[in-house]
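Paired with chain B in one complex and with chain C in the other, chain A is shared by the two complexes that follow.
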Partner chain A sequence: MASISLRNVTKTFGGNVQAVHDMSLEIAHGEIVCLLGPSGCGKTTTLRLVAGFEGPTAGELWIGDRLVSSSRTLVPPARRNLGMVFQDYAVWPHKNVLDNVGYPLKVRKMSRSRIRKRATEATALVGLEGLEKRYPEQLSGGQQQRVALARALVAEPEALLLDEPLSNLDAKLREKMRFEIMDLHQRLGLTLVYVTHDQAEAMVLSDWMVVMNRGKAVQVGTPWEIYRSPSSPFVADFIGLANFLPAQLVERNGQQGIAEIPAAGSQRVECSLASEPSGSLPVPGVLFVRPEDVELSSEGEADIEGTVTRATFLGARLDLRVDVGGAEWRAEAPPGADIAQGQAIGVKAQRAIFFEKEEQTDGETADA
Partner chain B sequence: MAARRGLRNPKLWRDTGEAYLYLLPAFFVMSLFTFYPFINAIILSFQEVSLVARVDGELVPFYRQYVGLSNFQVLFNDRHFIQALTQTSLYVGISVPLTLGLAVLLATALNQALRLRPFFRLAYFIPYITPVVALAMVWTWIYHDRVGLLNYLLQLFGLSRIRWLNDPAFALPSIILFSILRYVGYQSLILLAGMQNIDRTYYEAARVDGATPLRTWRHITLPLLTPQLFFVFLISLMGAYRIFDEVFILFAGTAGPLGSARTIVIYLYQQAFVNFRFGRAAAASVVLFGIIFVLALFQITVTQRRVHYDQ
Partner chain C sequence: MNRVLAFARAPFDLLRSPTLAGRLVGLAAVALLVVLTAFPLGVLFHRSFEREAQLSLQNYVEVFSAARNYQPIWDTVKLGLWTVLLAAVLGVPLAWVVARTNMPRRRILENLCLLPYMLPPFIGAMAWIQLLAPRSGYINQLWMSLMGTRDPLFNIYSFGGMVMVMGFYSFPFVFIAVRGALERMNPSLEEAASICGARTLRVARDITVPLVIPSIMAGMMLAFLYTVSNFGIPALLGMRARIFVLTTRIYAYILRGDMVGIQLATALSVVLVGLAAIILIVNRWVISKQHGAAIISGKSVRPTRVELGRWRYPFALGVYAVVGLMVLAPIVALMLTSFLRAWGLPLRWANFTVRNYEYILFEFPLTRAAIQNSVMLALVAASAAVVLGTVLAYIVVKTRTRGRQAVDALVTLPNAIPGTVVALAMILAWSGRFGINLYNTFAILLVAYLSYYTFYAFRNAAAALAQVHPSLEEAATISGAGSGAVMRDVVIPLIRPGMLAGWLLVFAPTLRELTISILLYGPYTPTIGVAVFDLQDAGYFHIASALAAIIVVVIVGINLVMRKLLGGRARAM
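Up next is the complex of A and B:
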């Protein structure tokens, strides 16, 4: 059983650069977990800690019931029974597909015929049958990444670590590979830890995900939870599109409340609260609204009105920017909607979350 | 696409003309100092040159006369030339692989996380940029019978002295030792640069698989280093055949005891500028050129198939 458990793991580089700060995660066997965040947020370092390329400065890392990393012990990567896939493939250019894939077995001193058999199987598993004798330079990027995947799987690891494996591929292929990785995961039932900066990738793949920023896990949850109920403006901004409207919380009833948007003629909007307000009402802050949660209506039908400054056709939908008293709202409409630039339109926030002001100015604000 | 392509495009002609204009000065200098001597040497190898000859009753300086292949015939019947050929080949065959092998080991050591790496880099580079004449002067002292460093060390360990430069059996080994120490540092720096260019993730992938450092070195470092190995091997092979300066200084312009330090270029030099047999010297230079040319061809065609260039 390859559950992976990080317990208060901290990694400091060169005495003062804190790459990972007090990270605790419990990944159960067979789960897919994505570490998501902007570059430099510590997600790759976290993965390298799990792999054993780095040792933690403090805290413990367990794989199954084995302590593999602490400030005193460091089990080498090869003895963790993991497979790893790298962003730039790391497929050895001087070995052909079969030799690349079979190398982990060769190192384990397996017999030549068994290496051949299992490497061929793994090659077929990732859909590269027939290309066994090719060299990496004769393969496309996607095929090279499949070779890397086969090599990571051939020794039957309990967990697979993937470090931005699809970032170097084009958009179409990336989407295809996402589903193939999911498919492989379902067939093989191994634990997957997946690092990415691509939120769509994380949403598709994850059982649950960890949004990281500046070395910390800022929110842990299922894609649905994180998308619908971001815990901070950073998460809200990083995952999906977001409107942040300066507002004041004027009424409060438990986790619900009513906020006023000064820019929209002090219109009142029902909202849920991200956290307990720290001061007495009215509390200054921002109101977070997803574009798809902005309800549009014809002129004169809604409380708040604005002017369409831009209507961009994106294929599946119409992307709108609406100027409401100087503040820009992003909204969506069906592709065929009859909305033109300059037109007056009614807007209403269907679902809003209120964040207190200081939350946006603390260390978790998106700036990467 | 431009309407007019290829040879009918006036812009192409203009650009080409301009390019040739820029190339002209370099071409002029190279013609004078490379192409002309090169072609002249080949012509000279089929000629006999008299410093002064009486032709039709008149004295003609530097008189050249075609003699066909006779220079080459004489050459291959000259035991001194055969000696020069075999000794040079022996020198190349021993010193080049030995130097390269040591350079690989040195580079591997330098590639470890090492304190004082800049110091070692400098130390290894110094012999290469020091003028060979200066180095050879120092080495004549190191090899000196009575006051030399090497013999001092030998005696320190209770061994008997060796007449490095005066014993026919030690002349070639002395040259080999000198040239190894002269080139090994430079070669190792080229290889080190190559090693440091190898992507870190190649090693990490091997680490996940559990490859030992030795295996990693054999299966990843060496194969990915082949472009540099190939380059260094080719360059030093061709350079080694032309060995002259160090021998000339160490053996004071002679061919060493019983000709034991006679290399092809030493032979060539003596024929041309001691014996004034320019035709025969030119023929020797053509043979040397032929050897290097064949080696280069062989290297390029055979080795290239085993060279791995990282994309």
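Up next is the complex of A and C:
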């Protein structure tokens, strides 16, 4: 078991593609950390830097107290003692399950009987007992994924790296595997770096996570912190559902303030500030409100009212779109609520974060 | 047997085609296929069991009891095995260099490796004779004068010579198969091994090589079939050393011209086909035993390349030296000889001339007739093959005619059979015994070419047709077009590039065909291949070279056109 430390790591391809930019992370023993971000943001490259398939253009990478990568040194992947699960499984088609799983031990020149014993144990650990003699072509996608997992675990690596390991599985299986991976992590106490573009997966798994965009770590924190207090509109938009309401900051008191929403009859909303305002009040910007933080009330009970333009039943809740003075608010209600399209409804933003104007143009919004 | 039964149903299904024209064209094409291929090959098989008009095993008894008959079987196998070994030794590392290293100018290397694939092997044999004939070969002369010895470096007229030249002309089969596999192999399979702790060589041994083996074997099998079917190389290099393989033994028996000779040639032909069939079956069996043989396919990936670092340029130099000697040296020798006043003269400015070209193009009756004949044959054969191949492809790909798989098999069959055997089948079927005598005519050559080469036109048309989605035809029908109009306005325009490629793929090899022609040409119908072969065999190297040089230039030109046409997908013949 070991910690992993990235210190100002940058990776540039072909002189101009900056895949990873000045990334610093300190991952302690036994933590699960997710790298989350839209496709092409540099997650795989970061993981491959840790694995040693790529060397950094600048910066240093440490595993435990060993410097493994810098612009001058590069310990080859074979000597890093890591386990890795690839997005496409990479289970070898010419080896059966047991030979796939036992390969890391064979390379370490273990005796045949011990390889057999430990590979069988690892195979059982991922729930594949009885399939040891099968070849990959006789296995389902989920089973191949488990083989890949067992192979990555069998040699008791310093850390386990997973690159979107569940993205090729169907939704049900994905959910199941998610919990199995958590379970394994708890039992074995592994350090785990997990790449995904699926925010739900990251939320479930992570001790803490890294939201990436265009090669940069834009926010680092626990799932709760990131969900509740996104540091930029990009993060707010990428994780969960978000309302962005044009607003003005009219009062300020330290990290708190009051903003007015012009489209909603200048409703005044208490909010926290994402950053120091750069100019003097009033400051133009957007107010970020989660749908579940929009308080709904019956007609006539609230200051501000809108019209329900769409009510969609989503099983666990009712998803609402409400037109408030020309702006669309997303809100939610319990599934059985008696709310119909076209009905007037009172809205109030309960908990909000204010982002200054520049930040929104600066932070690219992602299609989550 | 099922296929035969299904095939018998094809005419009935074709008769149900909605239009009269459709019925006639379909039936005519299938009938032509039967006459061209099924009938002659059937006759050949039957005749191999016949002596003095009686059913008998006598031919086979003689084949397996006389050394002059069974020795060629053994030598064919031996030549095939050694050649395939050499082809693998050359093809696998070159494929690796092209697919997996950062050696400079890999595209040029790749094209050099594909060059032998398009050139006829007998021209290769000629060129290597010019380099390594015991006394007069350029390399041997250089060697003897450098070393001050009277012993040549290497005698090309030998079993070793046959293996060498055959290997140089068949390694592209291995090269192409392995390069494809290495390029398409998912890099994470190898990365997974290195993260498991395996170092570079270990990864190659445990992962890369086992995964590429099915492709190596597929390439080796093609090279083996190519070798045992080849006539030109053993004829030019082996016969002089009294080494006979099956193709040349069959040729010698047919030349003898008597009845028993033909009978023995027939039995040997069946043995040769059997040999090819065994290889195909064994290969298929071995591949079916390999796990994951089918895994390497589909999407292309970004393969990890080995960084050669500071060895990049020295390495490239070495590779180019080997490939240059192997591929370019013979072509250069051929070109030089074609400008010599006479073979054997030292390479001095005063000895160079363009007389040979004038002679073959404007004066010498044999070469003039050969050029005329071959051009005519190639034009007619290519055009007829495209028409026939397209109709058959339409039947196989676009209709539900029962027995269409049998049609497919029957078009493909002759191409899997050595040309020598196809030619003999033509002789047996079309020299009067069944009321039609085409012997010594232009027609028998045409019939044989069509039987052997329609496959290329068929395959290209079928591939193109498979791309034409049924809804395109249906859309035309719903717009009111009759089936003729659908063909003319929708189908043909869409498959035209495939048809054109098919035309060129038939035209190029028939233009210089040797194996079939040498058994079927008559006094008035020499072909270019035959002319080059005879001139070379008679020792007129400089004249033969001029004609061969023209062929090489024309064929390379056709291949460049074809590559433009198919956007790099074309694999030359």
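By definition in this document, the second predicted complex is superposed on the first by the 362 of 368 C-alpha atoms of A that agree within 3 Å, B and C clash if a C-alpha of one lies under 4 Å from a C-alpha of the other, contacts with A are read in each partner's own complex, and residues count from 1 in each chain.
By our rule, contacts are C-beta pairs under 8 Å (C-beta built on N, C-alpha and C of every residue); 3 or more make two chains touch, one makes a residue touch a chain.
Every value quoted in this text rests on a predicted model; they were computed, and no experiment measured them.
In this overlay on chain A, chain B clashes with chain C.
Of the two partner chains placed by superposition, only chain C is touched by A:Asn81; chain B is not. Touch criterion not met for A:Gly279: it reaches neither chain B nor chain C.
Shared-chain residue A:Pro136: touches chain B and chain C both. After overlaying the two complexes on the shared chain, residue contacts for A:Gly265 are found with neither chain B nor chain C. Of the two partner chains placed by superposition, chain B and chain C are both touched by A:Tyr103. When both complexes are aligned on chain A by C-alpha atoms, chain A residues 51, 53, 76-79, 82-84, 86-88, 90, 92-95, 103-104, 107-108, 136-137, 148, 151-152, 155 touch chain B in the first and chain C in the second.
Chain C meets chain A in the complex at residues 186, 188-189, 191-199, 202, 206-207, 210-211, 290-292, 295. Of all residues in chain A, only 51, 53, 76-84, 86-88, 90-96, 103-104, 107-108, 135-137, 148, 151-152, 155, 161 touch chain C in the complex they form. Taken together, the chain B residues at the contact with chain A in this complex read 199, 201-202, 204-211, 215, 219-220, 223-224, 226, 308-311. By the touch criterion given at the top, residues 51, 53, 76-79, 82-84, 86-88, 90, 92-95, 103-104, 107-108, 136-137, 148, 151-152, 155 of chain A touch chain B in their complex.
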